[in-house]
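Which chain is which? They are A, B, C and D, in the order written, and residues in each are numbered from 1.
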Amino acid sequence: MSAIVKHPFLQRLLRVPPAYYVFAILLITLWIARPHMLNANIMGIFIRQVAPLGVLVLAQLLVMRVKSIDLSGGGIILLVNYFISSGIFPGASMPFFIGLSLATGTAIGLFNGWMIGKRRVSAVIVTLAVSIILVGFVQYLSSGKPPGDVPSYLNDIYNIKWGPAPVPVLFWFALTVVMALFLSKTVFGRYVTSVGENPEAAHFSGVPVERTVILAHTLAGFIAAVAALVQTASIAVGSVRVGLDLPILAVAATILGGVVFGRGEGGVWGPFFGVLSFALLFVVMTTFGIDDPGKLIAQGLIILLAAIFYGIRTSRSN
Amino acid sequence: MLPLLIAIAISIYLGLRTDQFLGSENLFNLIAQAMPLVITAIGQMFVVVVGGLDLSVGSLISFTTAILALDAPGYVTIPAVFLFAVLVGLSNGLVITRLNVHPIIATLAMQYVILGITRILRPVSGGTVPDIVIQSVGGTFLGVPMPVFWGVAVVLVAWKLLHGSRFGLHLFAIGGGVANGTPDAARNFGVPDRRNILLAYVACSCFAALAGVFLAGRIVSGDPNVGLLFELDAITAVAVGGTQLSGGIGSLQGTVIGALVLALLSNGMNLTNVSPFIQTAIKGGLLLLVVGLQTRKKIGL
Amino acid sequence: MTCLVEMSNISKSFGGSKAVDGVSLKLMPGTVHALMGENGAGKSTLMKILAGVHQPDSGEIFREGRKAGFETPREALEAGISTVFQELSLLANLTIAENMFLGREPVTAFGTVDRARMRRETRKALAALGLELNPDILVSELSIAERQFVEIAHGIKADASVFILDEPTAALNAADVEVMNAQIRRLRDEGKAIVYISHRMDEIFGICDTVTVLKDGKLVATRPLSGMTPDSLIALMVGRELQDLFPARGKASTETVLDLEDFRIDPGSTPLSLHVNKGEIVALAGLEGQGQQQLLRSLAGLYPASTGTASIKGKTLPLPAPKASGIRQLQARKVGFVPEDRKEEGLFLGLSIAHNIAVGLSSVHGELSIAHDYRKAIAETMASMNIKASGPSAPVGTLSGGNQQKVLLGRYLAAGLDLLLIEEPTRGVDIGAKAEIYKLLRSFADEGGAVLVLSRETIELIGLCDRIYVVHGKAIVAELPAETATEHQILNAALSA
Amino acid sequence: QDTFLMDGVTAREGDNPVVETDKYKKDCPWTIGMSHFGVNANTWTVQVAHESEAAAAKNDCITKFILLDAGFDQKKQVADIEDLVAQNVDAIIVQPVTSTSADASIAKAVAAGIPVVLHTGRIESDAYTTEIQGGAEHFGKVMGDWLVNEVGADGKIWVLRGLAGHPEDTNRYNGLLQSLEGTNVEVIAEEHGDWQYDKAKNLCETLYLNNPSVDGIWSSGADMTRACVDVFKQFGAEIPPISGEGNNGFFGQWIRDGFKSVSAEYAPAQGAAGVRAAVALLEGKELKKHYDYNPAGWDVDKAKQYYREDLSANVWWPTELPEEKLQELYGKK
């Protein structure tokens, strides 16, 4: 067993983030079972369903690469959705909403970063607590004014297509490209890699560790707000529970994409395909009429198998 | 120590503020309300100490209640529940230690799988739980409500495992290595690390199943959703109690106090009639405060 | 007399490259067996195979004549083979006593860990090494040298018959080494076999009986040490005679680069003054823990309480230096700080050589500036420093200790700095690489740089430096020109203060 | 003479004991406690809380109304009811999270002499004092009967269910199964959309792209109907007959787009009815043990009477909230 695992070619294969394999397998499954669905228009719509998750994953992978985690995305999405749908800002314009959302997300991210980077509080707990507070805050607000409609122009933007490709998908893709360039071409990206590998050594080699962590979280907050805007645009109504399961899915997609706390082998595209895999997984299971319990079991097993496949590579074969 | 101070502060405030808080009925209520979280959090602590996490405990709790509410005698279902818990713990542990899967992913996947099985077994809540379970949770012994005995027994067992045995020391050793980025350190001392991590996951699952048994006795039925999000509460309690999520540092008393703080908070807000619309935000704020004041050396999880 | 352990024809490769290639080794009772070789020769790997950390790809191990194989460190321990690993491996979150007994804790009648006994025996074991430490303090609170001692105490305390000591003295000074040697002799006299790995010639000739030399993973020779001289041993190791370990001293200019006036390491300590000129290599010498390290580190903001004035090329450095940005503040003034602990504080073991060097070049720029790949600078550094690796993309963690150290120094040499503050420039580095590092530092100085260095190896300081400050009790007690200084003189200065 | 609880609520036929009059009679003022199964599940559950609070505020005798939110957590509901008992409230209104989890604590409350009013969810024991029960099978059957009639005896339908594991979901679904009995109507897809817009939208997109030919859709209500209609509109396809529930946003869409639908009634005003029942018990009025709430489905004309252009999408009909409260909570300005 260990001899096979150590073969260089297999080693190279095993180094590929599991997301790529899962995606390929699901694509083949769909191609065999429902070839008519493999057309650009249909795929575009399926991928559009996960665009909010895809954007949020960019935030998650950024903080996971500095050995942190951000679970506050759910709260940010809910709050932004509430801002836009509740009518507490009557007659506000689109730039106002976008500005307000991004500012809110950034401020929350900055707070997370400050608590984690400067005060060195557990990231799981801080961001979880922030999420709970935000959810609680929205509950409090909605006792005075429950959410209502989302302005129709947001939904209109969401439905625009550019050729076969829906605008939200293009937007997500563009954002991913920007993030990939940002991480690979800037000094900040190098800082992120360094802090993720060894914060102590990073400090000694002149990397501003605290600032890197704070900045990563601030950016993550900003991106979460962008995800919130995409999510809000995707639905026509306000809700008291939207997007709350996205952060944990984002963590799963990120890990599936080969980014583990501190280690970033999958880069930005691994998690990208992690999200695509989730999109296809949902489609394949709905297509095969797998009912809810079956869906849960299948989803669990697929994540697990993918992770096992990936894990064997690093397993201590010596 | 901060959590302890907070627990005492909340208690004093409630004692002064309301007539009911210090009543024996409410105190026993409080113990019973806190017990599932105390048990689950203690279990969770085993894996947190080795630098892991177990997100599958919530579903396992639901699953346990579902099994107990099957139409079968208690002497079949109760051992079955623990047998299954051991299996879940073993498979979590094996996947994590032997197949090198990240604990969050391994246990998240397990959470989905168990939830799915539970939904098949019991799509909606219902069924009847064996009398012995109901009695052992709701009854009294020598005039003292049963949950008190549960608490004492669980804490004693956990203390023995964590602080009174080689096993516990080894868990701390393994976690210390993991937290330091030298996961092999304990192994090089001759500590069988993979076996011990495996056992930590088994312990975590068994405590979760125990919490499930307690809950089944309390809601006297099986329910596919009863454990939903319990894992987050348990992790929160562990962290509030001062255990480092990166591993290696923590104490049992801290975890128990952490769980009590959370329970006190719910009970207190109910007794002081805090609007339900704001309770969630207060809970989160307090969590932030407690943890925000505990700074550490290391940045991260 | 039967041998305690025989390793026969052992081979082991990591990802295609052979770390150990058909090596055989016999350990006899009552001997101290030196294992020598350049960095990356495979010494640690061979010993890790014996200790059950690695499994050999081929070859056999015999324990007292019977075939044995150790799947885990635990099995090796149970077979009576106890190891002090090269990399410090204590668990910082446990107490000294817990570390000492980890894996073989005594239990009471109730099945609980017998802490009283652990405490008692720990105190005894530490006392044997001349250490008075409370067994209940956490290892995280110990200094590196203290940790090293605890590690040694742990390693030699075991009820074993074979002891492996992989560079146990890398973090120790001469006096401490002598304490440890006494223990090794005691073990030898009890009939145990000891494998001793070190790059320090004096230690090897001081206590070892036999030496096995490895080169590039292959066995060169096993010989009794009695018939050898340091020069002949070096010739075996490097395959040639080493001309000069230390390069010729240069000419220092009078331009001051670093100037400390009225500098107090702690608010309560005696003020001290020192200066380092352009083109000069200056040493801080002294016994372990007398404040040399704290002095250097407080310039980088790692100790908060220093006062006084410090100036670099005439510009004052605010004191105390800020903790979070002290290193960057130095960097902005073209000063590099090279930490002692390359594994924890220095290198990114999982990342490439290129990243490890480039990070120092990048970190002077703002976050949003473009990160160049510095391909040329990195290639030049690797070539000029003679770093042995498959290429710039090789993870640093796969290099041997000496090559890791070169990468670390390379980061700072490539950055074009004016002043280097270096802790332990050659910790755990073989003699050939040492000479190379000395040459690099000297040419750095000759090209107009300045170096302030501290080391536990006094010989190294004498040979490498121009001037030596002797530090004792957080104050400078003597200043000597290195050319005429002797070990004796320095020790005298440090002790008589 | 029956005590009025709410429009459409009637005493159950058959074996239906009368609650002992005067047993719980108490002098004004009262403290009433309510254990809500989960305020923040969706906008309907929020409105139930508001209806209850508004009804309590209208009654001068109720000096304190303690609303506790179980957040769909059975153990929290058990704790909530215990905490209400410990505070010695005069009556407790319970919306049970599940059919069994709260039984023991309800029995505790009644044993402590506190009357318990149950609504919007059944429990298996009969320890409570009085109950008002609607929704559930009847709700699903109203939708199911209408749909079977629309699609004909061998139509093909999709089934959009609510939150898996929730008793209301199962019961509404069972109602559908009753309607389907004896017909050849074929369920070609059955999925859980959790009653949420975003989930249901993704589901309907997937189902549509998989196979767009469907004769009718049974939607378990809440925000799912609107989501599915939006999907058909997005693809420019004809909207098949689809069942819905009394939500202002859905009514607006129904009226504008003119597709075939039925709206099953499940008033958030049950919150107010619960408060009224508790008051009746404390006043010593005659009350039966069981009340049913089985209204007929609404057609688009009835929907037009209720629909309010000036209010946001998330009002649920019928409501008892006073006009100023409606404006405050749901006014678009």
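Going forward, a residue touches a chain if its C-beta (ideal position, glycine included) is under 8 Å from a C-beta of that chain, and two chains touch if they have at least 3 such contacts.
Fair warning: this is a prediction, and the values are worked out from it, not measured in the lab.
S.K.: Chains in contact with chain A and with chain B: which ones?
M.R.: C, D
S.K.: What chain is the most remote from chain C, judged by the mean position of CA atoms in each chain?
M.R.: Result for max centroid distance from chain C is chain D.
S.K.: Express in whole angstrom the distance between the two chain centres, defined as the mean CA positions of chain B and chain D.
M.R.: For chain B versus chain D, the centre distance works out to 34 Å.
S.K.: Using the average of all C-alpha atoms in each chain as its centre, how far is it in Å between chain C and chain D?
M.R.: 72
S.K.: Measure off the straight-line distance from the CA centroid of chain A to the CA centroid of chain D, and report it in whole Å.
M.R.: Each chain's C-alpha centroid was found; their separation is 35 Å.
S.K.: When the centre of a chain is set as the mean of its C-alpha atoms, what distance in Å lies between chain B and chain C?
M.R.: One centre to the other, that is 44 Å.
S.K.: Would you pick out the residues of chain C that each touch at least 2 other chains?
M.R.: Touching at least two other chains: 53.
S.K.: Identify all positions of chain B at which a residue touches two or more other chains, and write them in rising order.
M.R.: Residue numbers touching two or more other chains: 119, 275, 277, 279-280.
S.K.: Specify, in ascending order, the residues of chain A that touch 2 or more different other chains.
M.R.: 135, 139, 142-143, 198, 209-210, 292-293
S.K.: Can you list every touching chain pair?
M.R.: A-B, A-C, A-D, B-C, B-D
S.K.: Give the list of chain D residues in touch with chain B in this complex.
M.R.: Where chain D meets chain B, its residues are 36, 39, 49, 64, 66-69, 71-76, 78-80, 82-84, 86-88, 98-104, 124, 164-167, 169-170.
S.K.: Which residues of chain A touch chain D in the complex?
M.R.: 34, 37, 42, 45-46, 49, 87, 90, 135, 139, 142-149, 159, 231, 234-243, 282-283, 286-287, 289, 291-293
S.K.: Can you tell me which positions in chain B touch chain A when the two form their complex?
M.R.: For this pair, the touching residues of chain B are 95, 98-102, 104-106, 108-113, 115-120, 181, 232, 235-236, 239-240, 244-245, 275, 277-285, 287-288, 291-292, 294-301.
S.K.: Given the complex with chain C, which residues does chain B contribute to the contact?
M.R.: 160, 164-166, 169-170, 172-173, 175-177, 179-180, 182, 184-192, 248-249
S.K.: Going by the contact rule set out above, which residues of chain A touch chain B in the complex?
M.R.: So the residues of chain A touching chain B come out as 66-69, 115-117, 119-126, 128-137, 139-140, 142-143, 198-199, 209-210, 213, 248, 251-252, 255-256, 260-261, 292-301, 303-304, 307-308, 310-316.
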